Amino acid sequence: MENRSPYIVDAPSVSVIMFKVLLALIPGIALYVYAFGLGVIINIFLASFTVILTESAILAIRKLPIKVFILDGSGLVAAWLLAISIPSIAPWWIIVLGTLLCISFGKHVYGGLGYNLFNPAMLGYAILLISFPLIMSQWQIPNNLIENNIDWLDQIKIIMNSSLLSKETIDAMSSATPLDYIKTQLTLHQPLNIIQQNKIFGFLGGKGLELISLGYLAGGLYLLKEKIISWHLPVAFLSSLFLISLIFYSIAPDTYASPLFHVMSGGSILCAFFIITDPVSGPTTPKGKIYFGIAIGLLVFIIRIFGGYPEGVAFAVLLMNIFVPLIDSLTQPRIFGHK
Amino acid sequence: MIQHYFLIIISTVLVNNIVLVKILGLCPFMGVSKKLETSISMSAATAFVLTIGSMTSWAINHYLLEPNDLIYLRTISFIVVIAGVVQFTEMLMEKNFPLLYQVLGIFLPLITTNCAVLGIPLLNAQSSQTLIESALFGFGGAIGFSIVLILFASLRERLDGAEIPTAFKGTAVALVTASIMSLAFMGFAGLDR
Amino acid sequence: MITALLVMIFLAVLLGLILGYSAIKFKVDGDPMVARIDAILPQTQCGQCGYPGCKPYATAIAKGEADINQCPPGGDTGAKALAELMGVEFKPLNQEHGLQKPKSVALIDESTCIGCTLCIQACPVDAILGAAKQMHTIIASECTGCELCLPPCPVDCITMEPVLENSQSWKWKYPVYNIQNTTGA
Amino acid sequence: MQFKNIFKFHGGVHPNGNKSLSTSLPIGRLPIPKKLVLPLRQHVGRVAKLKVKPGDQVLKGQIIAEADGNVSASIHAPTSGKVLKISEEILPHPSGLPDFCITIEPDFKDTWIEKKPISWKKLDRTELIEALSQSGIVGLGGAVFPTHMKLRINQSQPINTLVINAAECEPFITCDDMLMRERADEIIQGALIAQTILGAKECVVGIENNKIEACEALKKAAQKTAIEIKVVPTVYPSGDAKRLIYLLMGIEVPKEKRSMDLGIQVFNVATVAAIYRYLELGEPSISRVVTITGAVKAPQNYEALFGTPLSELIIAAGGSPNKTKKFIMGGPMMGFDLPSIHVPVTKAMNCVIESSPELFPAPKPVMPCIRCARCADACPVNLQPQELYWFSKSSQLEKAKDYNLFDCIECGCCTYVCPSNIPLVQFYRYAKSEIIAQEKSKEAANTARERNEFRLARIEREKKERAERHAQKALGANEKQADDEKKSTIAAAMERVKQNQQENIKT
């Protein structure tokens, strides 16, 4: 006899949740393609392919149902997030290796869906950044900045085998990100307003990059509307990043970029709506979510400004993932009838 | 001056974390991190030994070894001193916190052989600092060790409920976790400049 | 060379003095562990562990003379709890001492009982009522199921009856999953 | 719709009510069945004491089992007839295990024992409570706690407010709804009686806004009284007593306290109606309104005698078109599968739903928890169900307890919203009963330890006394021998035990 009350349920399945997250990424990706060409699509394709193969193999070894756990979509979400975080002109084996490592060590070592302690995508990104710092800091210049416009065939060539293209073409295609550029130029004692006159800077953040951020913002708002994510995390993260950069900006606008620049450049928006909102590796209590978001905002700023790496999102997220069990146990909400 | 001391703390706690960056003291880090409670007590005991140990070692180095040109005796005399401090801590705990004493078990005397505890005074002596600096160095190292041990224990407690593949159960997944933590701490690189 | 020796001797003497003093100052007597171990043991007092009761076994564990896996009524769960308390590795129940059985209570067949009182003397928890030449009976609620009363009975009138589940002692069972997601491989 | 002075609790869910299924027809009456099976335990507390034996003739309303002590309730013959047997029968209980029941064969004359209405206005409180302890009335909302116990009040905390629970928040169940529509007067009269006995200053009826007709009927009946009818929003589980108190008054009753300790007492509408019938009409608790709904052909509410086999109820409701014959007792959120269609109607049985794959589809495959915390958002107690699940699943019971597992009311909201389809409530039930069992065996171990220590002390004392006697009399040789003999017998016995064990192992 089964006693399975409640007999009725009303919930979206895990797959629906994950595929809505993928859907929400589409506007950002579309703008990415508009600004930088098809490179990102190739990366997403490679990442999806790798993740399905890797997961199938691991699930087969672990004698778990393959179809169910591939269709839950969580692997794809991690793979897509990694694919849009790395430079779109990185060689093909970068994304393949990153996805392989992030899925196996970030997810399946811990038991697969629901058990990972760390955000798989950010784990993959951090491993890649530490192992291949040079490749990971060569970003593509937006299409409309390159004099002789390169076509998508060149992008495929550079991803698949960079020796097929002349060095001049590659150099013409790549540069540092605005955050990286500011960092290196500041060490040369250039004032910020001069630095920001470089062509790679746009209206709010990096040229082209700010557009993508807006796309992610739209997707994030969709997720909020669909109640896939709660408002706590993005609000806490963005406001803490904004406030801390505002404080430094108001003290010394010559050395510290404006708060809006910090919010709109790098992975800030993607982080706010898609990365820290990963339920498995994040805190579950409302208060915990707020502390988590605030801490990541501060860490991102500290690493960007004082640390050795130009972008701090991946490290900040991994660092705060370490704190999650402690945050959860210390921020238990007041239970009905308890003091 | 204050900024200098602050940087020493930042450097020892975060940037050059004794466990995650220097990879010292892995024995208690793996052994006493199964439960949050014990890890808290263990980190308190280690912090105590580390701070006292660094200070006494500094004194011995500064007043006994260096004036007499006996620097080659550093390692052995530090071991003796640390063993003494650990023994003292052990007796203190057995008297005042008998249950804790039982729970920590073999790991308490093993603080003696904890390479972190010997490593910090030795690193300290090499950079020949003042008493305050060496105390801060020891204390910072201890705080770094404690924070990481407690966080690691909280992660491992969470893992108790996870369905980890049999091959990775226990120490294996703990080591993977420790390495990811170490990876995350690399994000602090450059903060001590 | 001489200074080196002197320095080391000086250190050794100094530490010896400090530690000797604190050894006297922080002297500990008594072992608080026995009570804590005893609290985990199931108190059947059956003696299957090889000790004449739960307390003696607890004392033996605390001294390190006995292993943690010698208590069949406590089973693997008990051994696990002991392992956790003692900070040692868990070992499955040592089957030389017996197997874990479902909880039972003794039942005296009152028509066969001759009233010899031997079982009364064997019972470690005084759960048998009766007097010489009179029929005995078991107080079921106090019986620990230790089976120590079985061997002395000259007419073999005592049997062990397993305690059955009724609507009062019924428990909710561990839920059954639809898909297998435990990690076998 | 605006709600005045309503305090919303955290969480809750809004399942489809499905109430109109069984409200189109008035409360029906069941014919007297061929046999009635009355369990001795239909209430919380001690089993009722048997007052009849097989072969006895009983009259309708006669006590056949008497309350044993205070926390217990009497059982009355629901109709006149003969006691057939006293035996173990299967009960409507999730365990599906049998318990003792009285089986009555009705004579179909339905002869009442002499009804004794009680002029309750003349009696004082203690006398009334004494009288009610014979009534067999228990909480008919499902908690089945003896009602006379809830009317006892302690001196230090007078009751200020009487809350009448008319929320009936579970989907499908309409027995209270129909009772209110048809017998609003009885309910209001009963509420007034309860208010008088309790000495409560005010009386509030809490009713969900989806029961418009019932609300109108109550308002009409309560026109000339001071009873306030308060409409609360339809959110499951508003019918849980502590949740309802919060909705109505904004007071949180802690887990370890009863509402009584805060000067509030809660009665279900059916319970106060039963109080009214017992005191004014002299009719004890022998029947109740049961909803039979779901996949049956003609869902309806029936006034059923206690002990009526469920099969009779199914026949009355037009029979079941399904072959599965799966019936759920209670609502779809907290109910359980009935072990058989022959179980009797009991005091706790408010609703029976015939299950069908269309109504309650088979559970979807369980996925791992992704810690999305939707359950925490839905939990009316503001617990962290994902953590409780994590600990219950891995049997870390101490931790589950630390995370306040025992505050859980098993309402099922967490499972209702779980994207991974995890049977969360089942895990909590398992963990709770496991913890309770462990505590029980711990207690038993403590008693055993005490008894063993006492015995050892006694043996020691006797030895000493004997030694003293020996010394005094100086002729203890014989006795010592006897003592030794005993010892050797015991030693031999121990030896045999060991041998047996070794043999057992070998075999």
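In this document, chain identifiers A, B, C and D correspond to the written order of the chains, with residue numbering beginning at 1 in each.
Convention: a residue touches a chain if its C-beta (ideal position, glycine included) is under 8 Å from a C-beta of that chain, and two chains touch if they have at least 3 such contacts.
None of the values given here were measured: they were computed from a predicted structure.
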Most widely separated chain from subunit C, with each centre as the mean of CA atoms: A
Middle chain, criterion being Cα centroid separation: D
Cα-centroid distance, subunit A relative to subunit B, in whole angstrom: 34
Approximate Å spacing (C-alpha centroids) for the pair subunit A, subunit C: 55
Interface hub residues of subunit D, defined as touching at least two other chains: 94, 363-365, 367-368, 421, 423, 426
Residues of subunit C engaged with two or more neighbouring chains: 172, 179, 181, 183-185
Subunit A: positions in contact with at least two other chains: 3, 62, 68, 111-112, 115
Subunit C to subunit B touching residues, read off their complex: 3-4, 7-8, 10-12, 15, 18-19, 22-23, 26-28, 32-33, 36, 85-87, 181-185
Subunit D - residues contacting subunit A, complex: 9-10, 13, 15-16, 94, 96, 171, 242, 246, 252-255, 257, 328, 330, 332-337, 339, 355, 359-360, 363-365, 367-374, 376, 380-384, 386-387, 403-404, 407, 412, 415-421, 423, 425-426
Footprint of subunit A on subunit B - complex, ascending: 150-151, 154-155, 157-159, 162-165, 168, 173, 176-177, 180-181, 183-191
In the complex with subunit C, residue positions of subunit B that touch it: 60, 64-65, 68, 70, 73, 76-77, 80-81, 83-84, 87-88, 91-92, 94-96, 98-99, 102-106, 163-166
Subunit D-facing residues of subunit B, complex: 158, 160-161, 163
